[in-house]
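Order as written gives the chain letters A, B, C, D and E; numbering starts at 1 within each chain.
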Amino acid sequence: MEFLNGLVFLTNFVIVPALAYGAQLAIGALGVTLVYAILRFSNFAHGDTMAFGTAVTIKVTAVLVAMGITLGPLPTALLAMPVGILATGLLVLGTDWLIYKFYRQQKAKPVILVIVSLGVMFVMNGLTRVFIGVRDIQFADGARFLMTVRQFKDWTGLDEGLAIKTTQAITLVTAAITVAALFWFLNKTRTGKSMRAFSDNEDLALLSGIDPDRVVRVTWLIVAALATIAGVLYGLDKSFKAFTYFQLLLPIFAAAIVGGIGNPVGAIAGGFLIAFAEVTVTYPLKKVLTYWLPDGMGPDGLVQLLSGDYKFAVSFMILLIVLLFKPTGLFKGQNI
Amino acid sequence: MTDTLRTSLFAVFVALLILGTGFLDNWNLALVILNYGLISAIMALGVNLQWGLAGLFNVGVMGFVALGGLASVLITMPPVTEAWAAGGGRVLLGLAIGAAAIAVLVTVYKRMAKGRTRNLVMIVLSIASFFAFRTVFDGGVSAIESVNPSLSGYLGGLNFGGDAGRDWWWMPIIAWPVGGLLAAGAAWAIGKVALGLRSDYLAIATLGIAEIIVAVLKNENWMSRGVLNVTGLPRPVPYETDLQVDPAFVTAANDLGIDATTASTLAVKLLYAGLFSVFLIVLLLLAQRALHSPWGRMMRAIRDNEVAAEAMGKDVTRRHLQIFIIGSAICGLAGAMMTTLDGQMTPAAYQPLRFTFLVWVMVIVGGSGNNIGSVLGGMLIWWLWVAVGEYGPDLMIWATSALHAESALKASLIDSAPQMRFLVMGTVLLLILRFSPRGILPEK
Amino acid sequence: MTDNPYRDDRGNNDRSITKSGGGVAQPVTSGQSSPAPGTPFLIGDAMTGGYGKGPDILHSCTIAVEPGEIAVIVGPNGAGKSTAMKAMFGMLDVRSGRVMLDGEDITALSPQQRVVKGMGFVPQTHNIFTSMTVEENLEMGAFIRRDDFRDTMAQIYDLFPILKEKRLQPAGELSGGQRQQVAVGRALMTKPKVLMLDEPTAGVSPIVMDELFDRIIEVARTGIPILMVEQNARQALEIADKAYVLVQGANAHTGTGKELLANPEVRRSFLGG
Amino acid sequence: MIVVENLVKTFGGFRAVDGASLSIAEGSITGLIGPNGAGKTTLFNVIAGVLQPTSGRVTMQGHDITGLAPHDLFHRGLLRTFQIAHEFPSMSCRENLMMVPGGQSGETLWNTWFGRKRIADEERALKAKADEVLDFLTVSHLADHKAGQISGGQKKLLELGRTMMVDAKIVFLDEVGAGVNRTLLNTIGDAIIRLNKERGYTFVVIEHDMDFIERLCDPVICMAEGKVLAQGTLAEIKANEQVIEAYLGTGLKNKDQVATV
Amino acid sequence: ESHTGDVKIGIELGFTGPLESITPAMAAGAELAIAEVNAAGTLLDNATVTVVRADSTCVDAGAATAAAEGLVTGDKVNAIMGADCSGVTGAVLQNVARPNGIVMISPSATSPALSAAEDDGLFFRVAPSDARQGEVMTDVLVERGVKSVAVTYTNNDYGKGLADAFQASFEAAGGEVTISAAHEDGKGDYSSEVAALAAAGGEALVVAGYTDQGGKGVIQNAVDTGAFETFVLPDGMVGQQLVDDIGDALNGSFGQLPGTDSSGAETFLAMATEAGFDGTGAYAPESYDAAALIMLAMEAAGSNQSADFKDKVMDVANAPGTEIFPGELAKAIELLKAGEDIDYVGATAVELIGSGESAGNFREIEVKDGAIETVKYR
């Protein structure tokens, strides 16, 4: 009983949130990794691409809700998401046509592209804010919980409760589907393989009859979809704010890198690693230990590995430690 | 267009921007821009040495700048004697224990044979020393932090000049190179560990280290008051308010036909500008000489192809470390200057966007690999950064003047004018890179 | 240090360090082809051009090959042999002159359109996908093919048995000669109507070189024209039906392989005595 | 000069060099041949410190040099070229050569600031030397070209040129000939012989061109599958059944078809 | 130089950066006061007040200084309403306002260090001091019988200052603070913070943050996971938007914010609603008051020059005199013109003490049925 209580407590506060957060980071990191793997630069505009996709989805959701169309217990935003993906797809394709294409033709160094993406980030950032404002927006509707703390307690009779939010469940399911689809696409389809070839050696891809424009187009569309999905899931689970999405860039990059940038498996592993690191390293074990240890032996202090002040720094420390022992990330980076 | 012509044109253009701000708007603003511009230029120079010359992708500029800021506090603030008495010794002892522990750990790691015993010993030792360190250190820290927490609660600095350190007005100028040294020390430690990483990994590692440095500055209150900020840092130049009541100055100003207030603000800024320029010019000179020498050639070779450079007898690791330290030291120097100019240390101000990415933009737009280019790029981009915030809203009002006065669109557009800083900044950046993808002054 | 001496770009595989800016080949962007009857099967006719905005490398250089023929280009280093090949493949703008394939003017076609038209090319350098496995490299060679290419692949494995052994290894980890075999294999996978090889035998061992030449002869005799740059000129000229000597971007000598082999001046200046 | 004992280098499970033992006599020009993938380049890389050996030992003039860093070996007089050219693409060809000599006083920051006179003198000498090498390689017109923008063969020449910039004790040449025009290759061969005779350089040459090997090398070592298969004069090697089967082959089978036109 | 003529007020807030989501309402609050005075048209010699906005970015001292320089030496404003974050406020004060002798009134900078800063009598603020609020919050908790709390604060000088002050006072009163953990604003995910807070436990969670920043994120997460049921909300956290966003779960939570037993706050709310912005937004009422104080002090001094009216700010803010509430600025101007004293109360019960900071009368609130209700005044 005591043991179960401790376990439930841990699950409720550590495992479930970290899983959901990890999945959101992972999908974000997949987008970054894909751009890196195929177009060869670290895309700083990714956070703002996510913000844009989410913003469009929010607007469409509002329209749908106003028209009385909802998804019942599921958030209406899921219904609006395809529109968001489409709009984001158009945006990134437009951006590519207007901006990135030129540098590709010039065979510019990637660092130039990185800085260009910084410029794109500024612009998208501004656009999104002008478009939807800087405020905090909550757009999750439908049933909030799959299971609330109270329900769980009544159901099991335990002292501790376990809550599972609808959005958390949706996040995990969507993430699984997205990742599986992406993998199948990259490794099994002709287009997917041609994308990898393009990323490896552009000139030679040309000589093999691969149409570079098509590869780039497809890449951007997938990236737009990943960005929107990640953004919407994140926004549903928490809330939407332009600034937050920009800030998300750091953990997303950390996830992509720690897993091995350019490697989709790595992006996923990295997402979960960063999420779990954030939650666990500063987690005080006091209460769990009180449950698990024999009576009277529970600790007085918080039993925290590191004080919460350093939470943010800690996830980077994990990153550094991983890089020290695996200098190219958990899964050897760079190629798909 | 020859290189020299291009360089001169660019220099003249940047000068015109600043002078134009002075003539068309006001000189105080122009000089503020100039001063921060000079500091940005120094940072850009540091980054250019690392990236443009050696191909080191350091995205941790912010951390070194912050360390420079810390040095400014530690050197220029007067010491807090009560705090020293309360826990200074204990904190120092704690730090000594920490340092000793690391030394012991490193020795053990080097001496013992690989294997499970070593791992075990390492783990036990680290846990033990961690606890020893925390026990001693934490006690000292809480003693210090409880000394008048809302106003001090930290150890203060080393400025024994009277009047809150103002009598030793020259301390800040000493603090700047010390900021460089502090950053250099950190760079040495970081470089030892991280320079083996591939470029993107080095990038994220340095980014992370910078975040860690800032986190430390935010949370170690005993050192620099953390998020509570240290204000009122002494300056190397006179105070405007003092000048305004100095009869000699007032007469001099009146003779020039400027009112004393304006004259004082301008004078102070000019003095700063002079000081910063001296540092910038000396650094630029040294950097130029280094670049156009066998040393610069060796660095470029290493950047071009590490394996081949190594086979040609160049010690790539050592050289990387060397330039990493030098570049970081320059960033630290600039950081110390900036803190002095701000007059306060605000750890929350250290945001990667401002202190890392903006500096990178400066380098790339100016022309990576070209010292003069990155210096001028620093001034240009800083001018833009300010100008867009300054003139953006006016532009927006002007742009929307055609719209109906009451229209909601107009109102919302004007409201979002500050966001235009990002939009315009981005657009300008994209335009510059579009028409000169290798920067305004490309590496020759 | 990276563990892989071949990957000299700091393992970064990005263009940041090693690929310098400027002077890059600008591929032709897609245009239309037009009929050009009465010309050889493949001909680069009076081509003049260079890299980016740089000076002309080729000066009115003409290279042609007919079905069933092996044409070999030889010449000193830097003569423009590779440049001529790239020009014929649309990897670089031809400023004047034209390229014709099977009675069509293809000067304006992009490289991938030329691939579709049946041209196969093995460049001199950067001629494999280093991060992809050997097998995937071959698959990419067959990218434009919609039919079943498994037997072609089997043929290539027959020709280069080592590749079969290393099938699942990233091509970047192969030895220099093995990489060269992958590169040739990739081009053969296209089932091209015309095959262009830039120094296919550089770095391959004598036994493989013989195999390769044998195979090239075989392929040519099935009617596929082969255009080849070779520094191993003596052997190449022996099997060549037609040979060009390029010097400084211009045709210096043209003739059958035997003729050039017999020409003392050519021997002394370009074939090493 | 160099003794390699039982050297093993594995990649994952694959033994690229599999217990090779050989010794290279001082003052010789040793040829190293063997089928593609025999492990020749890997052997070079291990000796030159680019790769760490899995096991085994390398000594140079009696000193253990196993696992030393390449830059260390350079200063001990061991130079090498790369099979796949490793030029410095953004530097001019002349600079590619001028950067080679070690211990230039201008490589110290202090001197770049305050020892300008000395540097200038050194540079002048270096430049003359570099131009001489470029001239020898018949590429003096490329002196100011960026090395990234020269032809494949020219890059190989530059690769060779670098070894001529300093006084080496032993030079490892990894297929300098591949992609180099044969007339020029002959000149290069002459130069190697001259350096060997006049300055006493020891050479180890990987090459697939038997004519070149024949002209230069004695002895010749043949590797296969990571091991030393045979060693001796070229004539002996050429007669070795195993070598013929694994490496030399018996010539074109389709010879008959060549004459068709 | 003329001592009359038109009036320019600079509003310098972080329109971009971490506080960008609350600054629009703050600016709107200040502009509401200015519009009110302009509508009356009686300030000084029938002067019109114009507004110049500038971006403090909240964090970048360099940009904030440059922006202030633009306001003061470029636009020649007569006073600055701002800045928002303590860090940039200090920089602007020292680098621009003091050298040029310009009055600054900050609506939200709470750092105690600013009290000690040399300001030549130019700097004021209407936000309460952290120390005072810590005591009030302790009183509230003690009265409600809460013995142990967990504390989370936004990691800046406001949050840290308040959390420290509170902890000291609460522990002195015999309460237990199980954990005092910082959270960073501008992140979306606060599960790790809540995990730590929950593990430490406590009867209630004190959240020293901002309504739509990390503070909200923490509460949302704590509600979802059932970590805490009662939340203690200091001034930065009291806002209707928060109550609406979190929903029923916030019922029963309580807190305090500056205010007296006056109708000021409600009046301001109504005015804000009419003007079309959220009057409960953090520091929006303070911004109204800051701007009003600037103008009233000018009227009292009969001059728009900082050097003249800086000494009048305390006079108009404090008793004796007729109490002035939001919406009564025109009346206040009349009274001042008539030579009478006023005591500006405004939306947040302004009472300036010491070197010009809010004395800190507090209003205790509780969330009931989705509305913020006043419990009593302290």
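FYI, contacts are C-beta pairs under 8 Å (C-beta built on N, C-alpha and C of every residue); 3 or more make two chains touch, one makes a residue touch a chain.
These numbers were taken from a predicted model, which means no experiment stands behind them.
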{"item": "Any chain that touches chain D and chain A", "value": "B, C"}
{"item": "Distance-maximising chain from chain C - centres being C-alpha averages", "value": "E"}
{"item": "Distance from the mean Cα position of chain E to that of chain B, given in whole angstrom", "value": "31"}
{"item": "Separation of mean Cα positions, chain C and chain B [Å, integer]", "value": "52"}
{"item": "Approximate Å spacing (C-alpha centroids) for the pair chain C, chain D", "value": "26"}
{"item": "For chain D, residues that touch 2 or more chains besides their own", "value": "50, 82, 86, 89-90"}
{"item": "Multi-partner residues of chain C (each touching 2 or more other chains)", "value": "1, 5, 8, 11-12, 14, 16, 18-19, 21"}
{"item": "Sequence positions of chain A contacting 2 or more other chains", "value": "106, 108, 111, 134, 307, 309, 312, 328"}
{"item": "Contact set on chain C toward chain A in their complex", "value": "11-16, 19, 21, 24-27, 89, 91, 110-112, 115-116, 121, 123, 126-132, 136, 139-141, 143-144, 186, 190"}
{"item": "Interfacial residue positions of chain A with respect to chain C in the complex", "value": "40-41, 105-111, 190, 193-194, 196-197, 199-201, 203-212, 328, 334-335"}
{"item": "Of chain B, residues touching chain E in the complex", "value": "25-29, 32-33, 36, 149-151, 218-219, 226-229, 231-232, 239-241, 261-262, 264-265, 268, 338, 341-344, 346, 348-349, 351, 354, 385-386, 389-390, 393, 415, 417-419, 421-422"}
{"item": "Footprint of chain A on chain E - complex, ascending", "value": "17-18, 20-21, 24, 155, 179, 181-182, 184, 186-189, 191-196, 198-201, 212-213, 216-217, 220-221, 224-227, 241, 245"}
{"item": "List of chain C residues in touch with chain D within their complex", "value": "1, 3, 5-6, 8, 18-20, 22-23, 51, 54, 69, 75-79, 82-83, 124-125, 162, 173-178, 180-181, 199, 202-211, 213-214, 217-218, 221, 231-234, 238-239, 241, 256, 268-273"}
